[in-house]
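Mind having a look at this structure? Questions to follow.
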């Protein structure tokens, strides 16, 4: 295995109903991350992009997105129809093959130009679920109710996650929702799709972000304190909601084991939990003790959820915690699909 | 819709409504088409002039395009095809000519129709000019131009990179 | 895919409503064909998984072992809610146009629940354990929407 690290990140502040095209959203974060890290475009051996055409409302929108990265002379580029964190996983594999030493990973999500709840429903089984158009929030609400019934979460614990996330977001320039809200105040608010309230659901925003990955000596040259990827693993549960125990996340648990989360203490964890109850499930599945690990100091996906970029944002936040010295060991996580169907878990360490 | 083999084919239409934005960097170009003007944008890096301004970004330099540049109205055919195939949503009677046209002063070609001549008269290097629709029909779209037609000027010999888009 | 109208200036950009629509026609394969054809006749069938659990709608392959599932089991048109959520504002194309419950419903004779809508009327009439019964669509063409929704059974709260 080659040593690979995140050596730089850039995220654009969240917006709603931006008029920018996807290309215009992406371009500034690419410029920013390349400038920050101090590399020339000719040094970049691989580009990998995460986004979703259904959200752009434009089939093959990722082809146009290549305009944002300067594909001249021709570059080595790939795209995943998924969160940018999955693009990071592909770039990590690409570097492991020895084909390149430096890769740029980027993602964008324009979630406010279309009905995002309806669009994400298209991930469900197209024969027996999607024709009912249940909505992504409603599928998550079914999971939340199952968790409440079984006692693994309470509505108060869910509100505590929202309250803490909104307060933490006050110091995060990327976040959109932020502020001080007591748990009792949040619990007094009406349900949207019961048992979920608006603050239980990640806030859809338009956003984009980029990170630079580098191997070995290149990483040491480009960053004072690279965030070394010590373990990374991706697992998937069945698409069939009824066949899963919705009160736990098996795929997150197995991915965390294979990524080696439990081998040492974790200072900071950035969990991609678009719903409050999912943070509670993920803490348990990944094996984190909230008294020992700072969970989502960025405010997480609840305060800014640019779908398809919110997972890579967690990797950027975890890496920044290592760069700044605030954490020696951090966990970054990305989920995808209804009710935590897919989970990518990564352990990063500073030296 | 049961078939003889017992296998069902079911209709499952999906549709999604969006608020689609052309982006701020396309605004002067689209506004120009409302006013009967052809406005492209120049890359501040390589200085190529883009018409249309794509996503407002130079794909060679990965830079936001800069100053507006009025181009055309005349241009040169860089390549073309004769469309004989009917397809869903077709607006023009077949056969017709769809061509890439490099407007004077622009560095990338754009696609439009060539009419007012026989299809087999269209050739690479042919000089053409826009025929605008009635002013009342102008909008933020290249459809403000009904089609292009030959100007009768001598043909132009194109360089190898001309019209690459 | 079609633009419904030419854009208008909104702030610094031209903006237009856009509908992206695909008239998909799907071939549903042998397992779901049998399931949907049975539903046209008003009957619900599932498949038995590797561990003996009955899936309805049928699983083509066992979600755990991946084995092809071929044993068919007829299940009941009544079932029990295993979890639920309340759609207070119904959205386009959903099974009901007034507030309703989504539920995972385990049909009698099945072990693995299915997702569908319950016409419960109000949020306080639905809960985990509630007993429900299929309401068939009047015009059945083969598809999950041949079940219009589920109705509450009398004395439904278990």
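Per-chain numbering from 1; labels A, B and C assigned in written order.
The criterion applied here is as follows: a contact is a pair of C-beta atoms (placed from the backbone, for glycine too) under 8 Å apart; a residue touches a chain by one contact, two chains touch by 3 or more.
Predicted, not measured: the structure shown is a model, and the values here were computed from it.
J.: Work through the pairs of chains, note which ones touch, and then classify the graph as line, ring, star, complete or other.
T.: Shape = complete; every chain linked to every other.
J.: For the pairs B-C and A-B, output the one whose chains share more C-beta pairs in contact.
T.: B-C
J.: Can you check how far apart chain A and chain C are, centre to centre, with Cα atoms defining each centre and the answer in Å?
T.: 29
J.: Centroid from C-alpha atoms only, then distance chain B to chain C, rounded to Å. What do you get?
T.: So the centre of chain B lies 45 Å away from the centre of chain C.
J.: At what distance in angstrom does the C-alpha mean of chain B lie from that of chain A?
T.: So the centre of chain A lies 38 Å away from the centre of chain B.
J.: So which bits of chain C are touching at least two other chains?
T.: Where chain C meets two or more other chains at a single residue, that happens at 10, 12-13, 15, 18, 20, 26, 28, 32, 143.
J.: By residue number and range, which residues of chain A touch two or more other chains?
T.: In chain A, residues 19, 54, 57, 115, 118, 126-127, 131 touch at least two other chains, as defined above.
J.: Of all the residues in chain B, which ones touch at least 2 other chains?
T.: 10, 12, 14, 16-24, 26
J.: Can you list the chain C residues touching chain B in their complex?
T.: It is residues 2-3, 6-10, 12-30, 32-34, 36-37, 40, 141-143 of chain C that touch chain B.
J.: Using the touch rule from the top, collect the residues of chain B that touch chain A in their complex.
T.: Result: residues 10, 12, 14, 16-26, 54-64 of chain B touch chain A.
J.: Taking the complex as given, what residues does chain A use to touch chain B?
T.: Going by the criterion above, the answer is residues 17-24, 27, 30-31, 41, 54, 57, 64, 66-72, 113-115, 118-119, 122, 126-127, 130-131.
J.: Report the residues of chain A in contact with chain C in the complex, numbered from low to high.
T.: On the chain A side, the touching residues are 19, 54, 57-59, 115, 117-118, 126-129, 131-135, 138-139, 141-146, 149, 191-196, 238, 240-243, 246.
J.: Residue numbers of chain C touching chain A in their complex, please.
T.: My answer: residues 1, 10-13, 15, 18, 20, 26, 28, 32, 55, 57, 59, 63-64, 82-88, 91-95, 102-104, 106, 112-117, 123, 128, 143-145.
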